[in-house]
């Protein structure tokens, strides 16, 4: 909405959180402003001196690195997600195995360093060296965030791509989702932290608390996020 | 022999004329700015496509819109000298001249130099056009136009860009050149004196039409319109004419004054008589400045000079052997007198004089 | 035969133009084709799209105002004065035209960011740009101004110098000459520079995202919103793109209408050479 | 007193120019300042950066070749012929200048992508663009060509028409006139258009990422690599940005050197008005 | 009274001259293209800053570089008519004229209309300058220059852009105007005839310096250099002179032929004698075309006409009462004769004639 007199809260959040956070923000008394982007990009902005109030990442590594450098406070893991394969709605092949074995599949993944790209590489590594090489040979583009991957597939430019389950759901009919078998699935954990220099750290902390329990948690669940695994034990690429 | 019939619509201007120039002779097109002079040249050269028309040169048809014939400019090969010379600024002088030569690489420079030699500017062969003076540029443009042995010469105000000093020499050289070239030539100018010097025939063109053509003397002696009279340097006065009793006509000048002419008043028909002009049809009177004598304001009437207009001297200019005196007689007028009459009459601006000339030197033309 | 020999060159020219035109218009037409009127209308209900459009119009207008205010006298100086280093200055002003927008963003961070060269000084003055609407204005101003400066300079250069001299001898000071003669006489070029700069500002993406981030309602301009909507709501993205193109095109076209006719060869249709 | 009254306007002009210049150069200078010589040299050892630079040079060269080949005759036609709809054609050609690059990418996908308007036809011909180096070339050509077309057209328009007429009457066909007179005479403008278009192509990001994707060695041009390195290795990004700016600047400068002096007022330093 | 001493370096040209014009009189600057004529006007108007110099008008100092005085153009208020008129294309005619009027909004139009009325172009008040003819434009430019009651008039080739037809009328009007204005006027032209008509004094300027100044008659009678002779319309021939035995000089022409003059050979000193030119110092000989008579090739020597050069007629042009005959005597030459001698001698291109004139009509000038 347009600017108003409510206190303002600025949140940098991973692209995959767009729908859930937007809905959460609507219901809050503050005037919440979001910047959605690749977690790596948002982290780099903070390194460059940007001071949003909250940083929410699709991995736990960026907040931890920033915390180590004193740029953000103690990170809190607040949600988990699943990685899935999406294909264009017209695609005939609908099982993971068939798709990954085909040679003529145009595959799009996230770039290395971007959380979704790192998770994707984790999955591919678990396929064994032979298949992994095959799959990597099919990669046509390494996108700088999840939106790029979804967009390419939804547009029919690519045949398939690895994204989060929540993004696949948000894209609706534009893509078809193929779930990964549990043994391949990476542990996708989201963590958030209050940024040093936040205008009102208490309000920022309250926003993060709401993600763990309350309206934020509800919106996350509605969007298909899984509850956070036991605090502190989350890893990630 | 070049003959052309051209009809074209140039924005507001309707160009419609025909002309004929024999090989070795030169036709001058004289007329005011915007009359369509350059357009005629462009049509002949093939740079402008007339709506209708026929152009023939030496028996070859260049254009015949009715039959769908239209040779492109490169196959007409007119030697065209543009008003600003249009030398290619990115080429040296010799390359400009060699541009139209269809020779092998090795021979081009030699051929170009030979031509430049003829024009006395071989030393400038490697200069850039931008560094040349106006007169030098004109010579390069002529050399270039002649290089490819043109079938006709088209010269668009070739002397206009020169300063008065260079112009005299250049005019003389151009006259030589035209008589040597032996091809039909059309010269555009808005200076009648230039036309006299260079051309055999002058065509006066006004608003896209030729209003009179003939030898320069003819035009000066018998202008067909006020415009032609003015172009040839005559004094032109506006008035209205009625037939005189003993033949000839009487003209009442617009600013006052009565003149007599041996010319008849314009035939009652065109322009329509009486009606709007109860006192006669509107005409212009033209007289050569050198036909006009000046007398002291109080001198008695004498001799055969029937036209006498009193007036005030507005300017006195001595040009060589002649003195040009501007006189305001209601309308402005110029008389050309001798040094001795200037001194005898004590002509100074403000002096009162009477301008005097013969009825037989008075031309009546429509206006 | 002759007919054949004569016709191939105009055909080559026409072919080239048709090819260029088709190549440049089909992708833009495709956007409208795919967007469809329904989505266009729907997208006007999408709050994010509306916010972005509003912000784009606001920031680009401010940027344009700054560019006109500073750029016009600067261009006039470049056009009317000769000084040592003038060519260097012109090259420096043109340089941003060829610098990748993302690089511009990095440069702006390095210069004006909190850790940048001038960041400290700006911070002391209480000026914050990064992540602020003001930062968007800075980014837009940076990428758009060279477009205006170039056009304005050549428009001022095209003025007959004797017009300026005439104005002075008629009693007008240099400032009055600038306002009453130079600007009106160069109006066509100034307007077309304005349109180009405005269009460029409306389309700016890379510098903005790097320097100002993408905060809805604060720094998320229409191009940023398009890229964000691209995956989640492709139809909305397409519609917003179509609206943006239409606005840009309208700007260009308006300016063409207002610009005085200066084409010296206008109306000539029958030249052969 | 008089002195004061006379001096304020030149001061305003100078102030505006200094302000504009500082604003436009400081961010670019900051990149070099921050990058430092060490990182610059290191970055030349970074394989991803080198690949990206190589690909950028390759694709932009091909795009430029296409632009020159098609654009030059197209611009000549626009400059020398008057026809119905000419103004529309010119506006359509200028339009891509003001369309956001990401939108261009969407438009290219919608037009030439596998599911696009012409995608089927291209597919039947075995032409694939998306994710291919060829797609990068298409994107670069699209965004860069308007820059060249504009400049080329006005350069051709500036040629005295009587030069072209003179060439024809001297026996040169229209094609020869084009090659021997029009192109050399317009060389200054053509070169400057080339430099601008090349610079724009080197900096292109949005259309490339949307239409062709980003894959090292195939579609990841320097600006794409910069944005990717931006988050992972800021120093490398900065260094690559610096190299890219230097290349663009060198292009501009080279062209300025080659371009013939056509400034009619060059050397006049003592005019007051 | 306007007086100026100007020294400026204009690229290659070094401008260095001083001039003085009384109120109500007109100084004509005549000279070739690039001589620095326009630059003088611009320096006076304040549009160009001389390196050194002093300009005063009516006792007020406009420029004194030594004392650091420099009035900006807007405080000098010269009425400047630019060569191409420099009418503001984005303003209507009346707004152009009103531009220099420091009046309140409401009165401007009325005041401008009044001025336009005086120039007979009130009907054009709302027209755009681009739609005017050359003559109309000139009048608007004059009206605009006069509108602000200028302290001096500067006219840069005000007639050059007009076609020959309009020029005659415009010249006359301008002459009136200059005498009415009552302020010092400087007129730039490269046409000597124009200078004669409009100016009291002519200064011939060449390469930044005034080479001669005086009344037009004086310049024509006693040219100081070959250039001035050529400008005034004299025939100029190149040769080298030695002192003659009985006073005066003898000149050996470059193309062959010997002439006598009552003028002395240039003093041995400048240019240096003997050395390079054992046969005399290089000079130019000038003679007015109307001093040259033509005789049949075989006519006997008679009378006092000591200079006789045989040659071939190259062109014959009848202009009014005179016939200008081009004759090639090794160097080109023009004689002005009467209709009757043309007919008597049967002058045609190619005919052999002898050009004859007096030693006393022969000027010797350095070249």
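Each chain carries a letter (A, B, C, D and E) given by its place in the written order, and its residues are counted from 1.
The rule is simple: contacts are C-beta pairs under 8 Å (C-beta built on N, C-alpha and C of every residue); 3 or more make two chains touch, one makes a residue touch a chain.
What you see is a predicted model, and the numbers here were worked out from it, not measured in a lab.
**Q** Treat each pair of touching chains as one step and give the shortest count from subunit A to subunit B.
**A** The fewest touching-chain steps linking subunit A to subunit B number 2.
**Q** Which chains are shared contacts of subunit A and subunit D?
**A** Under the touch definition, subunit A and subunit D have C as mutual neighbours.
**Q** Which chains, taken as a pair, are joined by the highest number of C-beta contacts?
**A** Summing C-beta contacts for every pairing gives the maximum at C-D.
**Q** How far is the middle of subunit B from the middle of subunit C, if each middle is the mean of its Cα atoms, in Å?
**A** 52
**Q** Find the geometric centre of each of subunit C and subunit D from their Cα atoms only, then give the gap between the two centres in Å, rounded to an integer.
**A** 14
**Q** I'd like to verify one number: the distance from the centre of subunit A to the centre of subunit E, where each centre is the average of its C-alpha atoms, in whole angstrom.
**A** Computed from C-alpha means, the inter-chain centre distance equals 86 Å.
**Q** Residues of subunit C touching 2+ other chains?
**A** Those would be 116, 165, 167-168, 173-174, 227, 230, 267, 271-273.
**Q** For subunit A, jot down the residues that touch at least 2 other chains.
**A** Residues 48, 148, 151, 155.
**Q** Multi-chain contacts in subunit B: which residues touch at least two other chains?
**A** 46-47, 72-73
**Q** Can you name the residues of subunit B that touch subunit D in the complex?
**A** Counting only subunit B, the residues touching subunit D are 42, 45-47, 72-74, 76-80, 82-84, 86, 88-91, 99-100, 102, 144-145, 147-148, 150, 154.
**Q** Hey, which residues of subunit C end up touching subunit A in the complex?
**A** My answer: residues 47, 51, 54, 109, 113-116, 119, 130-131, 209, 213-220, 227-228, 230-232, 234.
**Q** What residues of subunit E sit close enough to touch subunit B in their complex?
**A** By the definition above, subunit E touches subunit B via 32-33, 133-134, 163-166, 168-169, 172, 175-176, 179, 190-193, 196-197, 216-217, 220, 227, 230-231, 233, 288-290, 314-315, 317-321, 324, 326, 332, 334, 336, 349.
**Q** Which residues of subunit D touch subunit C in their complex?
**A** Going by the criterion above, the answer is residues 8-10, 12-14, 16-17, 19-21, 23-31, 33-34, 70-74, 76-78, 80-83, 87, 89, 91-104, 106-108, 110-112, 116-118, 141-142, 145-146, 149, 157, 161, 164-165, 167-168, 173-175, 177-178, 195-196, 198-200, 202-206, 210, 222-223, 226-227, 230, 237-238, 241, 244-245, 248-249, 251-253, 256, 265-269, 271-273.
**Q** Residue numbers of subunit A touching subunit D in their complex, please.
**A** Subunit A residues touching subunit D: 38, 40-41, 43-44, 47-48, 106, 108, 111-114, 139-144, 148, 151-152, 155-158.
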